[in-house]
Structure formats: structure tokens, C-alpha cells
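Listed below are the structures to be examined.
Shared chain: chain A. Partners: chain B in the first complex, chain C in the second.
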Partner chain A sequence: MTTTTSERTTSSPTAAGSAAATAPRRAIPWGKIAAWAVMVIFLLITLFPFYWMLRTALSSNNALATQPGSFLPVGLNTGGFERVFGLQDVETAISQGGSGASINFWRYLLNSVIVATTITVVQTFSCAMAAYAFSRLRWRGRDTVFLIFLGSLMIPQIFTLLPNFILIKNLGLVDTLVGIMLPTLFISSFAIFFLRQFFNNISREVEEAALIDGASKSRVFFTLILPMSSAPLATLALLTYMTAWNEYFWSLMVSYTDQSRVLTVALGVFRAQSPGTGPDWSGLMAATLVAAAPMLLLFALFAKKIVNSIGFTGIK
Partner chain B sequence: MSTATTSTRSVPTRRRRKDDTKLALLFIAPASLGLLVFLVWPLLTGIYYSFTEYTTLTPPQWVGLDNYVRLFEDPVFWTSLRVTILYVVINIGVQTVVALLIAVLMQRLTQSTILRSLVLAPYLVSNVVAAIVFLWILDTQLGIFNVALGWIGFDPISFWADETWVIPTVALVNVWRHMGYTALLLFAGLQSIPSHLYEAARTEGAGEMRMFRSITLPLLRPILALVLIMTIIGSFQVFDTVAVTTRGGPADASKVLQMYIYDNAFAQYQFGYASALSVALLVILMVITFAQYWMTRAGQSDLD
Partner chain C sequence: MTTNPLPLSRRRLLQGSAALAAGAAGTTALASCGTVGAPAGATEIDYWLWDANQLPAYSAAIDMFMAENPDVYVRITQLGWDDYWTKLTASFVAGAGPDAFADHLARFPEFVKLGVISPLEGLGELDALPADHFKQGLQELWTGQDGKRYGVPKDYDTIAVLYDKALLEEEGLSEDDLASLDWNPEDGGSFERMLAHLTIDENGVRGDEDGFDPKRVARYGLGADAGIDYVGQTTWSAFAFSTGWTFTDAETWGTSFNYDDERFAATIDWYFGLVDKGFFPPFGMFGDSSPVQTQVQTGRAALGMAGSWMISTWANLEGLELGIAPLPTGPVGTPMSMFNGLGDSISAQSENKDEAARLIGFLASDAAQQAIGERAPFFPATDVGTEAAVAAYADKGLDVTPFTDRVDAGETGLYPLVENSAAIASIMQAAFDQCWMRQIDGADFASYNERVNALFR
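Presenting the complex of A and B:
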């Protein structure tokens, strides 16, 4: 790893001496301080809502109304979480501002994991192969076919939702996890476009050297291009996983029962069940936190690896 | 071009201009299947439905251009178009500037992986989660933001129920969720700029602003253009946040196009008219994308 914060050498280049070196060497770096200040403000804006979720989830819903401005939990209790996991009896839940309805969290978690994992693995691989074909293989009609893929980026989601729903219904896959996965299982035009940009940037000399040594193009793809692109592939896989995990609208249409209900849909149900006047904010925030937690945990485990790997793009 | 018939099959050739059609077809097969079945076919049937009256209960009835005539005379359509464009302008304008700033700050200030991970945090939660959290934070009576406004002497603002505030509110909530993701994409692009360029510029006494203008922006252009195309298309399709919070209100002030389409299809079962509205949205997105793609030459890189 290289660190960019190396000490400045004391001898400044003589040519630039007249212009740049007039400032004293130990001057306070105002520019850097200002830049850090901006960064800190962005971080506060970014992270505050997460803290507020936690603070509200740990508060008693009835106490929230009297002390809305307290930065610590008010009437500290775990009632919100208990309502999410269905651990409270109906009477207690209603007296604490909930609806009394419970949700089967573990089932929804399992459904979300199956859907997001399958989509990520299959889609990333399928799109990497396609991107390679568009980037490095020579075949007639390549540019035309790529334009068709590119054009499909412009199809608004709402355009495909109902025709796809009818298709899934005709296939008998409504209310199944396969039905939820199928439309995005093999294709993300964004992924193909994104990977193609990276494949285009990989030096051709490396590839041609392997080809002259007698390797086939498919071998070059699996043993050379894929490993060299591990950084963008990892980034893309992570983004695909998040997209699949956070998808709401399509899952809502396809799933009717617990058998195929994923976390986002369950959250929507929980929100809809919350009383309209004086919503159960404590329970709602506990639910949003629970729905987001696995993603945050997964990211905490893999973020360092992925963020670090982004630096190695094979350009340098 | 290539002369295909010259060599016999058995002779192993290492010609550079070898045709890869077979392998290419194999490689694009899975993606093409997904494209044809779940994107192109629904697109075609969707266009067909736009010329029909279709309640999904009975087979579609051909009505010609009726839906499009209705569209041009429908004041709610024009309202929703205006609302959507306002949303996109605020959302993309703020988001691009903020994301670029974060990406450049990360590149120039620190290699900290923790910082970069934290910046991406909002993208980990769904639109639904973000919407519900800000529904709470911006609540008129109990929301912490309005409580804080009270501390510094301002009256509370009904962010979700005021016709002027609702679209900027939705736009900024979605900036919060997407700015880290956009910054990450731009950051990946920044990584492709050779660091020796900055070293050379610094040796010659260039300041940060000068390096940003002369090195970062020009070399980032292809990635920036790509990111802009993606985010603008995504922005036009805003739905989740509105659906969870206001459902288009108050008085159609946040009735974005997709919300209006959804209402027509799933609340009123006018799927034919909803399809015509979708065609209008599709045309808008096509025009914007092609204009942008050619204007910014997104496919080319200055590094080649």
C-alpha cells in the first residue's frame, strides 16, 4: 500500500521557486482543513438518519410525542423490536402504539437472501460474458446488437412490470421466489455497459500475448480478463446485491403470501398496518433497522476488501 | 474485410482477424434470453396495449389513437410531466455536484477505507426505508428537523404536505440515498487517472483547483457522462419514495409520471391509457439519452 501523505521535501524545484515556494513551509493548510470540514458535514448528513433510526427504535412510542427533541432514546425500551419480531401480545402492542399484527421476520430474511444471492451470482456472470463479447470478440452485427442492449437501458421499469406480471402468471410462477428472480436473473444492461467500459480499458497487449501463446479466447476471458477485472466485478456484484435486496415494487406485485414475501415488502406491510393517526414511529424505525441490518452487516464484513480493490484497475 | 474461404479447416491459423461469431453467440446467449423475454417482449406488448382499452380482466380492445388523443388533452399528464422534470432537475443537479465533490475529496484527502464505506452507507437501505425514515425526521410536529428549526426560531415546515416543498423534499431524500453510490462510481473512474499526472502537475506548482479543472474533469468525462446517463434515466423513474410518502399529493403536487401511470394501471385498471403514458415516458428518455450520448461522446476516453 502506498501512502500519499509523504513529507514534502525541503528543497523546492528552483523553476517554481518564484511562484509556489513563497508561502512558508509550516503554514496552516487552510485548504485541507476546509476540505475536511466539508467532508465531515457530508458524513454527518449521511450518518445522522441511521442514528435517528436507532434512537427512535429504542424509544417508547408514547414518550416520543412528549420529548421529540431529545438526542438520546426517550423511555428506553425494546418494545419496537418486540413488535417487529411478533414477541408482544396484541394488548401490549396496541397500548404501546402498535397495530397488534406480527410479521415473520426470519422467513422474510431467508427469502431476501435467496433472491439477492441467486440474482447476483447468475446476473454478474452472464453480464460479464456478454460484456466481453461486446468488448473483445469480433463478430458481425456486434455494434448493432450492443446498441439494442444499450437501448434497453431506456425502457422504464413500469413499462415491463405488467406485461412481465402477465408472463409470470402464465408460467404459473406467481407467489414464488423464482417468479421474483426471473426478470432480472440474466440481464442488467447497466452491468454490461459498466463492465464493457472496463474491459475496453484493459491493455490489448496482455491479451494478444496470451493469444499468440495459443490460448483460446474463452480461456483468455476466464484466466485473464476476469481476474484482471476483479475490482469492477466485485463493485458490480455488491451493487447488484443491494439492488436485488432493496427491490420493492416488482416483489410486491408477485408475492402474496409469506412463502415468497421478501423483507422490503414485509416492511411495506408493517408500515401499512401502523395506525394512520399517531403512527408507531418506534416500531417503524425498529422495522427499518431490522430490514437494513443484514445489508449493513454484510457491507461491514466486505466493504474493506471491495473498497481497497477498487484501486487496482490494471491501468497503472 | 475478411476473406473467409481461403484456408482449410484443418490448418491451425493464428490470424489476428479471426472471426469469433460462435463464441460470441455463446457468450451473449444468457443475457440475450433475459433481454428478449423480459425486456423486449414486454416492450412490444406494452406498446400494443397503448393502442387498446385493457382492464386486464377482459382481452384488450383495439381503440387506435384514442389513448394518445386523451393524453394530449389530459391536464394531469402535463402537470405530472412538469412535476417530474422539476424533480429530475433538483435531484440530478444537487446529486451530481455533491457526488463529484465527495469523490474528489476522497481521492485527494485520504485513502481511508472506513470513510469510503461510510459514504456508501445510505445506498445500502432501500428507497422504502429511506422514505419512512425521512417521513419521520421531517414530520411536521415531532420530526427532529422541524424541532431543530424551532430551536433557531423558525416555524415548522410541512415538508410532505406543502405543495411547494414536497418535490424538493422527495428530490433531496433521494439525493441522500444515492449520492454515495454515485460518488463510488465516479471514484472508480478517478482511479483510472494515472497518479503521475498529479505528481507532475504538483511539481510544476499547480494548485488543487487547477488540477481538478485540467486533469480530473477532462479525464473523468467518459465516466461522468456514463454516470449522468444512468442517474438521469433512474431519476425520471422516481416512484418508491412518492408511493410510500405522499402517493402524489397534496393536490397532484408530487404526482410524478410513474405515480400517475401506476394510478391509472393499478388503481383505475386503465391499463391501455397507462401504457400510452409509459410510451410518452419512454420517448422522453430516448430523446434525452441519445442527445447526451452523442453530445458527451460517452464511448470514448481521453486515456486511449
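Presenting the complex of A and C:
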């Protein structure tokens, strides 16, 4: 099917070109135009909020309200972005409607990357092992334990917040990145469930053949199961990365100073700092754009993979 | 399924684990450099505050403190208003709160009740800190029902009328015209006549002219924030106070509210009655993102009432030349402003209360107050601090005395310092919202008052 598609796409421009040259009176493709028009409208609707963010980010905070409907930035300046990257001194920041907090952007970005990457790698790997145990190994009480794991999906996060926090405090990990990562580092019931369902569908014959050839269970896991599940693993890793990246409340609880402050929490400084003052709109929009950039990048790099794996899981 | 786009070999996996191990090592390295700045042997204490605008002033003062007290290292944490209280409450439950923190009058009674903040009595130099070191009445606000002090006054705020000088000039009015207004709940006095004159409908007809359409107003005489609550700090409280009304039966720690008082009912009927007259925006006209300063900046409102903590925000607005006028004189013969003060409290859970007390004591000292006042976008709690702040504003061409005069002349009413503030807020919010929607009137507040008073029985 791939070949036909590529043939079609490569041949169609030339076909259209030659058709236009030889038969100028060819009927106008209204259907195609309409389809494109609809596409363009949808594209504009989707992209407009991003444009509006950019427009607000480039506006001056103190002038913003004077022309709320202007499509161009009001009082064009880059103050919002300067505040995000911590390039502005405190007095300028305050006079432009920002806050007096100093911003160490690259530090927060590094913290966020460390936290999200570590959680993603460790959690995906440990959950894959757990899922394999639930799917293929036979042991007493396996299904009961699995049900307990599934049940834990129903516990709201807020219930575990304080016990977790007290544990982290007693371990002396408050205000450290390890403290932020630890509660979600190893186990995610969703990830185990997700992978177990997938492993269940891998044919047993393949595994049995490997066992007959003398492979150990762990070898089967590493050389057979993991490679065969690379697509769902990649999807899961991406989801985990995004969740870890966006986590707010737990990071807020554990972090006290810049050393453990992740990007999401740090960007809270652009929200209203005291009642009545209102948010720093241009800083907030600039920060949101900057914070979304790594996620957009990740998606751009792995978009095909995600689509593939979603298709893949559907085909089974 | 046979072709594998991303073969995950054992070698790759091992590489991955190696990278992970390296990452973990990096993390530990980062974690270990956590105590940067805390010199060996120094006691580390945590100080929290919410207002980022106060951070530069407080950082400077705390640096001074650490220079004088090398045995104490202060870790400052700043979080925005909402996050601040969430994290503070959760941290108290977990026993991991700060040693000292900026506290608010609406919250501290709850903290006293829960036993999470410590009285200052017996805490080093705070034990003998006299109340007259601060502006009159501030220490009273931070004194509990047991007569003990639970906070050191940090700064205070009052209310004034803010406007755009250019608009005033356009209207042919002088600053004195605004400075000498009077008000009463019956006909609103010259203050209401001023609002009427400054209100313009969509046809350009003024509020005091014939043919004015109160339903289609282009510019309201008086602007308002999206929410008006049981305290009415920057809204109705100034008017109610100026009738001689008080929130409760006692200055502080009252147990019986006066929302059923005739003077309150008359004030509320006048205040929200401005909606019917077209001089004041109806309920829901402006959302949270169009606060009163935005309304004045964009010409949707002529005057705005605002607290002193907002001066810098107003002064920085583009296209607005800030003018400050005192509140109108009420039936008691003077203007009356709400007087609210923030304080620094010390956690009962702190293991380093003495160090925390030294810090808080230092922040209240003349040297620190002077340093804070010079940088402050607010009024520090002592005379020295306030003078420094007034001078700093004067350097920028702003006369902020309409705010400070109220305190000096004693023309203030205290922020209601009571228990059950959260419950009161939720009961009264319905009443204020409905009154603003013009569904109930001032006399109907009596039934809500009964519900509020029942909380204290």
C-alpha cells in the first residue's frame, strides 16, 4: 500500500502539469478547492490561538488593555520573552508588569529535562518488566495482585499526596530532584496495564520456540518481547514524558528553591502573585510558548512513530 | 509486525542503562549542591512570602541580616498567592512548613486555632518588642484572643480613590475638586454628583443630564473588580465605615456581626443602587482579567478605588497619568479607610524558633525597615519604613499621602479579625452577589447575618 501511495503522490503533480498544458479547458476541480478551503479554515482555527499567544507575548503588558482586539502586538516589545529567560533586571520587570522574582530559566529547563527523562526511562523499563511478569510468568496470586494494581488507578492522587510528602521529608529528599521523581519513578499502574494487554497478544509460539532453543526467561524478555513491543513502548514513553513534564502540584510541594524547581512550577511566577494585581499576560504567554516548545519538538520528531503505533495497536 | 522499526537490542538497552546511571549520578550531584550558600555550621531557616513584588526588598533586607548574623542562613521561598496557601497548609500538615512566613489576617486565626503558629512571647527580642514601634493599631491586629501576639506587623495598606489626571483635565476639573468630596447614604452627596457627572452613556449624554440611558453606559463613574466580598476592602467598606458602622461587636475577635445594622443596609442600598443609576458596572460586566485599573486605563470607568499595594501597578499603566485622591468624607465627618496589615509569623513546628525570631525582629528594625521602604511598592509597618516609602514615591512624582493620611489621622476601620472567616466568606458571598445583581436589598442581609452569627454560638 505504501508503494501505491508514493506513486500517486509523485505522479500526480506531473500528471496535473501535463494535463494543464495539453488541455487548458479542463473543468475546474471545485471539489478539491472546497476541500482545500475547509482544510485551510480548520488550520487557521487551530493555529489562531497560538498566534494570539505570540501576539500577546510580544505586547507590552501595560498597554495590552488599551487595544484588546488588535490583531497585531500592542506596544511591540520582547519584554515578555526577556522575563522568561531571566534577562531583565528586577526593576524593569516590575515596571513592565512582571514580578520581582528572579528567573533562572535554563536551570529550570535542565531540572525538567532531568526529571522527565529519568522518570520516563526508569518507569517504562520497570513497568515493562512488571507487565511481563503479569502477562507471562505463572505465580501464585498473580491475578489478585494485578487487580490490586488496577484498583490503585481509582485512588485520586490527592489522597497519596501527604503520605508521599511525609515519606519524602523523612528520607531527607525535600527540595531535591530525586524527591520530585521518586513517587512516580518505578510504578505506574496504567503503564503496567497498558503493556500487559499488549504482551498478552504476542503469540506464545514465538516465545516457546525461543525457550526450546535454550533461551532463559530474561533473555526472552530482552531479545524477543521488548523488541517486538517497541511501538507501544515508544508510545508509553512519550505519554510518560508528557505527564512527567506537565506535573505541577507534586513538584510545587517538594521544591523550595531554584535547585529543584522545574519549569512548570517556575512559570507560576507569571500568574497573579497577589490578589488584584492580575497576571503578567505577556510574560505568561511567552512562558507558555517556551514551555510548550520542547513538547512540540518531541511530537514533531516522533509524530510518525505515534501514528504508527496507534495504527499498529489497532490492527492486531 | 515482522519488520521492526526500532529494534531494541540488549546492547542498546545496556547503553540506555548506562546513560540512566550517568543521569542519576548527575541528579545526585545536583541534589548535593543543594546547600549552596549555607555556610558550614550555620543554621538554615526557611522564610516564605507570596508577593513577588516584595521579594527584592526582602531579599535585600535578609542579606543584611545574614551579614550581621553569619550563624544563620535564610532560605527564601516565594510563591504566588494561590499556590502559597495550598503549599503552606499542606506543609503544616506534613510538618515541613517554613520557620517564619508572611501571614494574612484572614488566615492567621485559623492557624492559631490549629496551633501551627507560635506566640511571640518568650522568643528572644520579640518578647519585648513594643507595640508602639509600629503604626498605631497594627500590633492589635496580630494579637490573639488569648492576648498573645502571633505576628510581627510587616506592612499595612489603606484605600484611596485613583484616577487618570488627563481625564480630569479633559473634564475641566481640578485635583481639589476630587479631594473635597463628601458622601452620605441618602443621596450620595457631592461624591455621587461627581460620579453622575463623569458617567457618559453611549450617546454622549452625562449621568447628570436629561435623557441619560443607564442601561447603555460607555463610561462608568466608578469602576469595580469582578468580585465584591464580605470584607469589601476596596469597595463598600470605606462608605460603611464612614457612617460609624463596624463589622462586629468588638474591634478584634468580635463574635457578632453587624450586617443587620441600618447604616450597613443604607450603605449597601446606595452602593449597589449605583448600578440602577448607571454609575457603576452591573454584576458580571467585567471579568477577572479586567480589574478596576484596566477599566480606568481603557476609559470604561472614570474613578477607581484601590488599595495602596496597587500603586505601582497603576503608576506603570501606559496612557494613564496616575492621580490619587482621598476617599470622600462620610457622615462621621472624615473619610474612613479599611486598615489591613500583613505580618510575619513563626511556625510552632519550627526547630529553630530563636533564629527565626532573630530574623523577624531584624526585619522590624529601623535599619531593615529603611531598606525595605526605599525599595517598597507598599508601606512598611513602622514610621521609619513608611517615611522611606513615601519619599521613594515622591521621587517618582507620586503623592501617596491620601493613603498614609488616613492612618496618621486615625481615620481607619480595622480589617475584620474573626474566627470562621472561610465559612463567613461563603455565606456572605451569595448575599453580595445577589445584591449586586439587584435581586435582594440591604435589609435582606439580616437573615445572612443570623447565619454568620450562628457560627460563633
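Methods note: the second predicted complex is superposed on the first by the 238 of 316 C-alpha atoms of A that agree within 3 Å, B and C clash if a C-alpha of one lies under 4 Å from a C-alpha of the other, contacts with A are read in each partner's own complex, and residues count from 1 in each chain.
Convention: contacts are C-beta pairs under 8 Å (C-beta built on N, C-alpha and C of every residue); 3 or more make two chains touch, one makes a residue touch a chain.
Not measured: the values here are computed from a predicted model.
Asker: Taking the superposition on A as described, I'd like to know which of chain B and chain C A:268 touches: first, second, both or neither.
Answerer: A:268: touches chain B and chain C.
Asker: Quick check for you: in the superposed arrangement, does A:162 touch first (chain B), second (chain C), both or neither?
Answerer: Both partners, chain B and chain C.
Asker: Among the partners chain B and chain C, which is in contact with a greater number of residues of chain A?
Answerer: Comparing chain B with chain C, the partner touching more chain A residues is B.
Asker: Once the structures are superposed on A, label A:85 by its partner contacts, choosing first (chain B), second (chain C), both or neither.
Answerer: neither
Asker: For A:65, select first, second, both or neither according to whether it touches chain B, chain C, the two together, or no partner.
Answerer: The answer is both, since A:65 touches chain B and chain C.
Asker: Examine A:121 and indicate which partner it touches, taking first as chain B and second as chain C; both and neither are also allowed.
Answerer: A:121 contacts chain C only, not chain B.
Asker: For A:38, decide between first (touching chain B), second (touching chain C), both and neither.
Answerer: first
Asker: Just to be sure I read the superposition right, which of the two partners does A:186 touch: chain B = first, chain C = second, or both, or neither?
Answerer: First partner only, chain B.
Asker: Tell me which partner A:176 touches in the superposition: chain B (first), chain C (second), both or neither.
Answerer: So A:176 only meets chain C here.
Asker: Quick check on the output: what are the common chain A residues between the chain B footprint and the chain C footprint?
Answerer: Shared contact residues on chain A (touching chain B in one complex, chain C in the other): 65, 68, 122, 162, 166, 231, 249, 268, 271, 308.
Asker: Spell out the part of chain A that touches chain C in their complex, as residue ranges.
Answerer: Contact set of chain A toward chain C: 60, 62-63, 65-66, 68, 75, 90-91, 94-97, 99-101, 111, 114, 117-118, 121-122, 125, 161-162, 165-166, 169, 173-178, 181, 222-223, 226-228, 230-231, 233-234, 249, 252-253, 256-257, 259-260, 268-269, 271-279, 305, 308, 312.
Asker: Could you list, by residue number, the parts of chain B that touch chain A in their complex?
Answerer: Those in contact with chain A are residues 14, 17-21, 23-25, 27-28, 30-35, 37-43, 45-46, 49, 56, 98, 101-102, 105-106, 108-109, 111, 113-130, 132-134, 136-137, 141-144, 147-148, 151, 176, 179-181, 184, 187-188, 191-192, 194-195, 203-205, 208, 222-223, 226, 229-230, 233, 236-237, 239-240, 243-244, 258, 261-262, 265, 271, 274-275, 278, 281-282, 285-286, 289, 301, 303.
Asker: Which positions of chain A touch chain B when the two form their complex?
Answerer: The touching residues are 1, 3-4, 13, 15-16, 19-20, 31-32, 35-36, 38-39, 42-43, 45-47, 49-50, 52-53, 56, 64-65, 68-69, 122, 126-127, 129-130, 132-134, 137-140, 142, 145, 148-149, 151-160, 162-164, 166-167, 182-187, 189-190, 192-194, 197, 200-201, 211-212, 214, 217-218, 221, 231-232, 235, 239, 242, 245-249, 264, 267-268, 271, 281, 284-285, 288, 291-292, 295-296, 299-300, 303-304, 307-308, 310-311, 313, 315-316.
Asker: Considering the complex alone, what residue numbers of chain C touch chain A?
Answerer: Spelled out, the residues of chain C in touch with chain A are 1, 4-10, 13, 16, 19-20, 23-24, 26-28, 30-31, 33-34, 36, 46, 50-56, 75-83, 86-87, 90-91, 93-96, 225, 234, 288-291, 294, 297-298, 306-307, 309-310, 312-313, 316-319, 377.
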